[in-house]
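Below, subunit A partners subunit B and then partners subunit C, in two separate complexes.
Moving on to the complex of A and B:
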């Protein structure tokens, strides 16, 4: 019996030991938040990364992104100039579920050195983990030199600059068929009124087609193309300050201006005379995938499709994407003299305080990288708001036009609002409610429901 | 043992195999050790030590991997914050005690009431229909010609993953628009809609329109689970002693009466096990909804909503509250199951 009780004690000890080990493993994730975030910024100059070879040689920088094969090859290619002259190895990892996994990896202490965040909202979450590193001075200097102040603002959280902009895309585009427009004698509309007049004219002229087509389907992200519609139109019915306030929830989500914007979107998308070309009734928009959304333009069943510049890569291989070709895109007209541009892009967040990471981040913000990436992208469909990017290096004509729009001094660039909102709205209720909206839910209920879902804390 | 040690060790495929091998070896060594230690004790005490040696590790692992996280989840449901670990992150985003706020959100969040309705439909329809169809099929093919082949055909869907099954059915249900602008019907690629349009009817947007899409997804689950029900029930039917069947026949019982008074009472316990197993599986099923639309088309269920709230929209408090609701809903089924098993034992 004595032996028995001894064994019990021993096993109890073992149990406690294992339990405390598990607890320790759990608590190791919650490291001291004061150690990172804020604090003193590294002021060392990394902009001459090639001169730092002696210091950087043999080091490794791990990078984690949502860009997977085959596009990742172009990314890796664009790092070569840096790798060759510094001796640093870049370890690339692409993951389709990047956006979900990155916050999870922060909580398990398995973060990469560098990550490309496609949404400023995600940057905020990563800053909230306490693991994101403020940008080094040389990265900030590089961004000041190459990017507009708007772009820098989107990489800033609570007045601390964290992440330099990387790629960009223009969302305020309407895809159309130049051939068809010429054939019918239509001109590209320059104002919102002209756009609506043209819409009505097409509906009256061509009984076998509809003026607009759209698709909100995108698997678990279904509904996001709808958010772009509201955002683009809010920038047109209200000014940029209203837009900023709306994104930051300083005015309610269901503000009368937003209701007006949604009404304008509904006048196109929810009118059975105007959409959904090639697919039938407007409620088909909810299930048609965004990739398929604009394809009826090629068969003549649809005339116009509002979608971002990256839609240029979604046409079949032999499609001639040109100003006088099968498809091309025009700027979604404004309602007044301003030229608002809705867009998106990625930001470079860093999670390790090391010279090789800072040097690499500096390189990514430089004109050298932007031009290397443009040259490494022979198929087009990529651009950056980097002022040092030589448009001649961009292969596709559309990318050149987008670069021109982005760098136009009259353009008012605003980032895709749903990417800036808290994820319970920007990746949750906003998507779901826009899907419900296109399925028949009225404007007011839609906006009221999203307003209700805005997190209180 | 810091986490980084594990990560460093799993960088290449070779290292992964090495880690795997070490893991298996350690497991075998621990198990062998327990056996040897247990064999050292003899008599009554020895039996107790042996019992402890075998049950102890199981209890320990259940406590660590099941009970401890369950307690954490219950605690999490009463806190706000962006991350699952309450102490993780910056002071601004740490979890604060909010009482029952997360549970109130179950009713006030737009769309969640629909999720409850959909889940109810799933839990009622899937076990009943899957078991019913499985039972009917088992009886029809019992001792019929080509029984093995017929069984295999119905059982096959069980071998396909839920995601795979959903992808197959997405093709079956596919809907590519109703009518062209000029009124002519669109040529349908989906199997069902191709048949429907050939019969002169309008194509149906199975996965797009609520609540129709919930029923369309339920059909997928039934398609998967009917095979399981059929297999278990068929075995139970075969286990009915021939004497009973013969006696019944001599008393002039046949057809429906035979089923009602002989077959069904004899396989009652199996039917209950099948019903409850499928019921629990249905409450937890999230793969089908996730693989079809992610619950974005008013077709979400609790398990899918738990995942979305916890990991996508960063509302772990609400996610934990949903997890507790699922747990509470599963409990009666499990308790009922245990009571039945005790009765039969």
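Moving on to the complex of A and C:
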């Protein structure tokens, strides 16, 4: 069956091929970077999109995102107010392989009008293809009004503002079981020292369980939950400027501060007394998938699991996610008075220079959209850093808590660093070295290896 | 993750084919098509029927089917059971059809319903089978029975094209279709699948046609039949097993294809084949991963049915083509 096995190999490598095609697209697609970038910014006011009905009626805007069913229904629902009042039709397409396919589609010339980019790094790639359109003035105005400067910066490439922020998620969360905590008389820790004391206390109290559980497994992206650990802790042992410099590689990857952060993570993750609850020795973290990582909390084998707000959707259907329920999340405490928040989000890139596209982009940056989206999300699990978003419109308590964390005046929001680094590190050596680290490689070697892999150009 | 779903079909194919091979090989040795009794096929048949070879085949079959069986058992278990215990302990936990129900019709939270994508897959697969079959059988006839300059060189050229992996041609082809204005349409898929299938199809059918005694064709010519008549009335009925075997082969390939569909169908989600739906089944955050095993079995229902109903031809056709090469 030689013929048959040839076909089988072909399909097995299909995923790899898409990835390499995407890379090919990045490298060869940048021949004409000036074709649209650098053109005059459209200063027309699109903020009253409803008044533009006569101009926009009957037009179509295609949109391409990584959000698939069932979450896409909420997206489509949130466009209705815009569609109804302008007569524009929004053609929605969701694709889980979005990040690989978008650069490929830039190369074949089959780009959507609007795409939600989950990584600022991908925005840079798309700008380099020369196909991304700079944001219209009314989009920029809307973003200035509704978002913090940090967020606008992430949508900017080489001083040109391209993409307005859209949704957001909070990664600085520790999942736990409120019922179990009440039963044992534990309080939610407010400082890092309290957290470590609690960790030691749980380890001493309950021999059948461990205080922490984690899972780094995620197919080809195995290791990414580990990058979040370092980033979260670096924000806690150092200030935000150090973090920014580290992300931009203005200080080396293996800076002493990063080593300190990794050491703090290791004190939890690599101590056999403290992890990996429900799965065994700490090195099991490397093979447990991130979806499974926190599940032992439900069986009482584990007490705490650090993972982003979206982990709320991964509990089995009948789990009560509430402040006094089966599971809930607390803010990963800081080591000092600052309140750093690690998170992620999407950005709205546009690829067609047309009034209906600009009006739609303006709508997406507005408070109207954020509130419409909140109302269209009855199950929760969605959030935005849009200041115009009324927390009362958020259905889930967790989302309200996340919104409170994001808009807290003391909060310092920082984007997930691995999404900002060059992909050979942020989606490469950083992941693999974190996996090696949890498998037993020491802190220094791990950071040195990542530093060595940083592209020189 | 996306590539985790397609393997079951080839596994089944390989398994069914291996188990069928031992019986079919003997059958073929006696079958009228193989005129040379002491030929390669005869030797192969003797080699395959030795006890060691049988034991090897059984071990191979087990090695291929066990993971598939595990996946099958898993598809009937609920999320919590899958997470907490292995599939081999499944008989102590309750079975559920809920995964199948949710994967098939989207469930209560409006996930991706696979039921809506069968039609797309069928609309894609059938022309992708018929088109290369038609073109390849015509080309194979010319290569086998019409004398024209550079025939052998051209044939080697066509055969050599098999070496070129389709992944290399994908993006330029998508670009070309886009500039032709058929990007994202079914035509883009039909044409690209047909093009990728042709080298193997021509080679396979050519070998099969060469096996047909030339006296048959000469007799047809003496009776006044031209090329067209010879092709349709004499050759086509004789090569039915080869056509059927290649047809199944191509159908399975197209049905299970994800890469070509992903590249060619960008921007037209309404035309997605079932493999693309399967790819999205686990949801935006991958939290519905437990549906994918059930989804995989739903999506392979059609190719398995096609294969089982036509597998006689499949094995016979492949073996007959193989003896020549």
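Quick note on the criterion: the second predicted complex is superposed on the first by the 425 of 457 C-alpha atoms of A that agree within 3 Å, B and C clash if a C-alpha of one lies under 4 Å from a C-alpha of the other, contacts with A are read in each partner's own complex, and residues count from 1 in each chain.
The working rule: a contact is a pair of C-beta atoms (placed from the backbone, for glycine too) under 8 Å apart; a residue touches a chain by one contact, two chains touch by 3 or more.
On a predicted model such as this, the values are computed, not experimentally measured, just so you know.
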{"item": "Which superposed partner A:185 touches (first subunit B, second subunit C, both, neither)", "value": "neither"}
{"item": "Contacts of A:409 with subunit B and subunit C, given as first, second, both or neither", "value": "neither"}
{"item": "Partner chain in contact with A:128 - subunit B first, subunit C second, else both or neither", "value": "first"}
{"item": "Contacts of A:222 with subunit B and subunit C, given as first, second, both or neither", "value": "first"}
{"item": "First, second, both or neither for A:429, with subunit B first and subunit C second", "value": "first"}
{"item": "Touching partner for A:58 - first (subunit B), second (subunit C), both, neither", "value": "neither"}
{"item": "First (subunit B), second (subunit C), both or neither touched by A:110", "value": "both"}
{"item": "Partner chain(s) touched by A:69 [first = subunit B, second = subunit C, both, neither]", "value": "second"}
{"item": "Footprint overlap on subunit A, comparing subunit B with subunit C", "value": "1, 3-4, 7-8, 11, 15, 18, 21, 25, 104, 107-110, 219"}
{"item": "List of subunit B residues in touch with subunit A within their complex", "value": "1-4, 7, 41, 45, 48-49, 52, 56, 60, 63-64, 68, 80, 82-85, 87-93, 96, 108-111, 175-182, 186, 205, 207-210, 290, 293-298, 308-309, 311-315"}
{"item": "Footprint of subunit C on subunit A - complex, ascending", "value": "1, 3-5, 7-8, 10-15, 17-18, 21, 24-25, 62, 64, 66-73, 92-97, 101, 104-105, 107-110, 112, 218-219, 291-292, 295, 299, 310, 313-314, 316-317, 379"}
{"item": "Sites on subunit A touched by subunit B in the complex", "value": "1, 3-4, 7-8, 11, 15, 18-19, 21-22, 25-30, 33, 37, 100, 103-104, 107-110, 125, 127-130, 206-210, 217, 219-223, 276-281, 283-284, 286-288, 301, 422-424, 427-429, 431-433, 435-436, 439, 449, 452-453, 455, 457"}
{"item": "Residues of subunit C defined as touching subunit A within the complex", "value": "1-3, 6-7, 10, 13-14, 17-18, 21, 79-80, 83-84, 106, 109-112, 165-167, 170-171, 174-175, 178-179, 183-184, 200, 249, 252-253, 256-259, 262-263, 266-269, 279-280, 282-287, 289, 318"}
